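Listed next: structures, encoded as structure tokens.
The following pair of complexes shares a single chain, chain A, combined with chain B in the former and chain C in the latter.
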Partner chain A sequence: MTVHKGRGIAAIEYPTGMNQNGDPSQAWIKVKPDGRIDVFAGTSDIGNGSKTIQSQIVAETIGVPYEWITYDNSNTDSSPVCTGTFASRATFVAGMAVKKAAERVRERILDIAGKELEIDPADLDIVDGEVIAKGSPQTKISVPDVAAAATWGHGELITGAGAQLKPYAAIVEPETGKVDLPPHSAISYASCAAEVEVDDETGEVRVTRLVQCFDVGRAINPTLVEGQIEGGAIQGLGLGVLETSYPYYPGMEHRGGQFGSYLAPGMEDLPVMDTVLIENPSVDGPYGAKGIGEMANNPQPPAIATAVHDAVGVWVTELPITPERVLRALQRKAAGEGEPTRKGKLIVYDEELSLAAVAHPDAPVRLVVDA
Partner chain B sequence: MKAVGARVPRYDGVAHVTGRTVFVEDVEIPGVAWVKALRSPHHHATITKLDTRPAEQMKGVRAVVTAADVPLNVYGHLSALGIPGDEPLLADAEVRYLGQPIAVVAADDEQTAQAAVDAIEIEFEERPALFDVRKAFDPDAPQIHQWGNWYPHFEAGMDRRQIRKGDIDAAFAQADVIVQGVYRPAAIEQLPLETQVCQVVPEANGRLTIYSCTQALYFSMGVVAAHLQQPLNKFKFVGGTVGGGFGGKVDTATETLCSLLALKSGRPTKWRWTREEEFLCSSTRAPWHMEMADAVTKDGWILGRRMITLHDSGAYARFSPYGVTKHAFHHTGAYTIPNLHFDGWCVFTNRTPTSAMRGFGVTSVSFATETHLSRIAEELGIDPFELRLKNANRIGDTSPNGVVYTDPSTVPTILAIADHLGHELPADYRTMTSEPRSDGLLPEHLVAQVGNPEDH
Partner chain C sequence: MNLNVNGRTHEIESPPLTTLLDVLREELGVHSPKVGCEQGGCGACTVLVDGAPRRSCLLPVAALDGAEITTVEGLGAAEHLEPVQAAFVHHYAAQCGFCTSGLLMAATAYIANGGTDDREAIAEALGGHVCRCTGYVKIVDAVAAAARGDEFDLSVTAAGLFTTTMSGGAA
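And then the complex of A and B:
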């Protein structure tokens, strides 16, 4: 028995927002008489942290402490439309909606502060919960005092609404797939290196280290985005080496129906993880942010498959890379099989998995390559 | 303090880790009736007899709902995007996957609900099933879907998603080497800790309050409203705090049926899927069958890609056509490949319908592209970092469907990881940026293909 080490890399991209757009998010905000801020948005928090991220965006945009924000996404009577938490859209698309709503609120606070201070609102700024005169910071009024003045003095409600919608990108040439507009809000990028140990007797693949560099545009909350990247990596590890709903598909037997009969990654499977954030701001996202929630589980499977090849010299391109698949590949290799077919300049891997090998000879779908 | 960029604690983190967050399951509603479903025991069958009277007559049973009770039984969740509906909320004439719901029961407690489900009289005539997407196009393949074995409703009535770019034949003629491979990621579970769950209260004013674990409150509300043929003000969705979704709670699994039972019985209803139902009856990540051939030069330029993709949609379309389109749009990964010929099909099988999961449409092609590039690097004897940097998309390059990249960062992310790993690169790679190619690496005879659009 020998344990072989290997390393593989992958580089990926992933779009932010629903493919082809047309997915609105809306939000509205009201200010309490003491200046505390109530945000109403319809964005489900599925553990991705959108309540936190959107609260941070609102605090930053208005210019008040994060602790002043109350975030309510609890029901559709009080919250406006959000298409949903999917397509890596909660930070970017829904985040833009709360940012626009917060910009309106900020304008209203400055208007009323201007009346109180008898200064043109354009000459005012909001910093840490205080409205200050630009260039004359001793001239100021607190946001709580502005809110009180609005409520009890001016008889006004400080509120703001915002919506984000990128128009639907139509496929104008179905034959070529050409679209009339960019079909995404932004594109994020990431690279990953996987280090593995492969046991050539048991076929077991152990992922020992994952190094990951993600361009997040702007980390609204570095702790949460690192959590997304590391949590996603574990899901990618599961897809790569452990998980399958139907272990012998197209056979239907042995489908796991409980945690004990379905192999998801456990604590003992966790590799060492190094996470590097790159901030290459998006042109029009909130504070330059991009969405990276989904892509966090994309680069590991190919990096692992490549690392397995680096370790033991076999390519396993059916996932998951189970001990059984590794051992079968090693057996074929030992028997001098499993090498790609070479015809002139054409190099064909995995022929036995292809439609050409499995489908009926008269079936119309094939990969046709003229070498 | 700046709020953006700060490591502030999670808004509801303390509540989560101390067990005080109220999830859908935690809402206590007096007099709530439990819901259970009669599900198909077959992969593919015709329903020859369905008699719910034995269940309806049982003590403690409050309502039984079948397809006949649903105002609009088939509703296309993406009809706004031109994707028509194919899946009945409750099966009527035919079942197409193991676990497909046929009838639902609301009863005073979980045991009675299950006993009522077991009392429903049902008979089937089994039909041949299709499991391997690669056999879906065979002349003798069992026909399993009213639209045929693959989705036929892409734009202009096309039965596949196509990408065509550049001159694919010239690229393959010009190539020094063509590398071809097959990539097959599996179906996996989204695996949230919170299973599908919902509670519905019929209010005195005729509205329904729907406690939902959906990832998309308004989307789900639209789905329920469409099935029930009611305006949106009939519903109040309560939720927004979800115990994990990963894409598996975008499809509306429980809300409509619980609503129908609440309306029919006049009682609040609760449906909490068991862990086994979550595993066996909820949608999975789609398995994909991808074959690609890349035309490359011996110094590592990827001139063209031919690719076919079969997306295993399972028994119904759900969001699969959307996933295949997104897949097609991103099938070159983080690289500029100037000549493309892509065909992608949504293939129906008798598997549990597949649907959204984290990375929908792209996780698959990231696996295929990156594993394929590693093979190409090995075949050519080129450093895998250099091969990727060379072909990385740059500002001004165009995507498979003709969109100009404005802010790509393939180059910086690859350089960052090389740096972190201490991987040595030649100076002309180390200093590479995302700016349009002007670094002399690109041979003159390839400029028209790989260069930027303004150059040709």
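And then the complex of A and C:
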């Protein structure tokens, strides 16, 4: 028995937001008399952190501390429509809805502050909860005072609504094959390098290290982004070597009948893991963000498959790469039967064209290591 | 029969073969233990029985007369988190949170029994808890930090994590 080590790498691209589009998100925001901000939006937070991230976007856009934001997505009567948390859209699409609503609120705060300070709103800025005169920061009024003035003095409610909807795309002209709109708004890129150990007697594959590098556009909350990628990586490890509901698909035999017969990765399967974030901003997302929710578990399985090839010289072309499949591939190789091949698409990658298509024209690509 | 849950004694009315998990959630309204697999396979229902982590979905309540049960409700409240809870917050060790209650109880027992910050030892002790969201990295970080006795100022945690410098980038 020998344990062979191998390394492999894979790269992917992934569209952000609902492919073909037509998925609206809406938000509305009101400012309480004490200057605290209530955000009503329908995005459900399934653990991806969308409440946190959308609250950060609102705080940043208006210019107030994060702690002032209350985000209410608890009631479908009082919250506007959000198509939902799927297609990596909770930050990318719904985040734009809250950003637009926050921009309206910011304008309204500046309007009323302008009246209070008798200064043109265009000459005012909001920094850390205070409206200040540009160039003369001693001239200022706090956002709570503006909100109080609106409520008790001007008889107004400061509020703002915003919505994001990319129109339906991909109406294909039958003659030319041309598409009226691109089917998606931003492409994220990612790569994963895997290190594995393959036991040539048992066929067992152990993933010992995963390094993933994700283009997230803009990491609005780097720790949450890292959490999404780490979680995706372990799911990708599961898809790569452990998880299947139908081990002999399309045959139904040995399909799992209960929880214990489905192998999800556990803590002891956790490899050494490194995550690198690349910020290559999008044009359409809030602050250049792209979505990485769904793509997070994509690059690991092919990286693991290439690492297995590097280790023992066989291609396993079906997932998961179970001991049985590794041993069968090794047997075929020993018998001189050749390796399984699968014809793929040849993709010519043009970096400039690609970056130009998805990056914000003015923003430099930034690397965030160890976020 | 009687059950002491988080310091309070309750007279239990459920039939004797009802699982501890059902008694806690349905009869006593203690909802932190989660109903995951109900087969002992996921750890989401883990509570402490006389200080030891046990899967409450597998325990008939009749076997527990007089036992002391601890759940997350018996750890610290928001203003006075136990070190292990604070470590979970600080390290962002929860996403959907479904696994979190069970892991907090198992980690509490691990640390109470002298567990160290050794990552392999943590993985061995908590390896039976399935998490589908986090990839375990931040959970192990949190348990290791709590085992070391790291202290956190969570108001700073929030400020540090939530305040990124967005201005100046792409609009």
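What we mean here is this: the second predicted complex is superposed on the first by the 329 of 371 C-alpha atoms of A that agree within 3 Å, B and C clash if a C-alpha of one lies under 4 Å from a C-alpha of the other, contacts with A are read in each partner's own complex, and residues count from 1 in each chain.
Operating definition for what follows: a contact is a pair of C-beta atoms (placed from the backbone, for glycine too) under 8 Å apart; a residue touches a chain by one contact, two chains touch by 3 or more.
Nothing here was measured: the structure is a model prediction, and the numbers come from that model.
Of the two partner chains placed by the overlay, only chain B lies in contact with A:303; chain C stays clear of it. Contacts of A:266 after superposition on the shared chain: chain C is touched, whereas chain B is not.
In the superposed model, A:318 lies in contact with chain B only, and not with chain C. When the two complexes are overlaid on their common chain A, residue A:10 makes contact with chain B while staying clear of chain C.
In the superposed pair of complexes, A:1 makes contact with neither chain B nor chain C.
Which of chain B and chain C touches more residues of chain A is settled by the count: it is B.
In the superposition on chain A, A:295 makes contact with chain B only, not with chain C.
Residue contacts after overlaying the shared chain place A:287 against chain B and chain C alike. By the touch criterion stated above, A:232 is placed in contact with chain B and with chain C alike. In the superposed model, A:193 lies in contact with chain B only, and not with chain C. In the superposition on chain A, the residues of chain A contacting both chain B and chain C are 46-47, 49, 52, 55-56, 59-60, 66, 218-224, 232, 235, 258-259, 264, 282-283, 287, 360, 362-363. By the touch rule above, chain A contacts chain C in their complex via residues 46-49, 52, 55-56, 59-60, 66-67, 218-224, 227, 230-235, 258-260, 264, 266-268, 270, 273, 279, 281-283, 287-288, 360, 362-363. Residues 36-37, 39, 41-42, 92, 94-97, 122-124, 126-130, 132-140, 158-159, 161-164, 166-167, 169-171 of chain C are the ones that touch chain A when the two sit in their complex.
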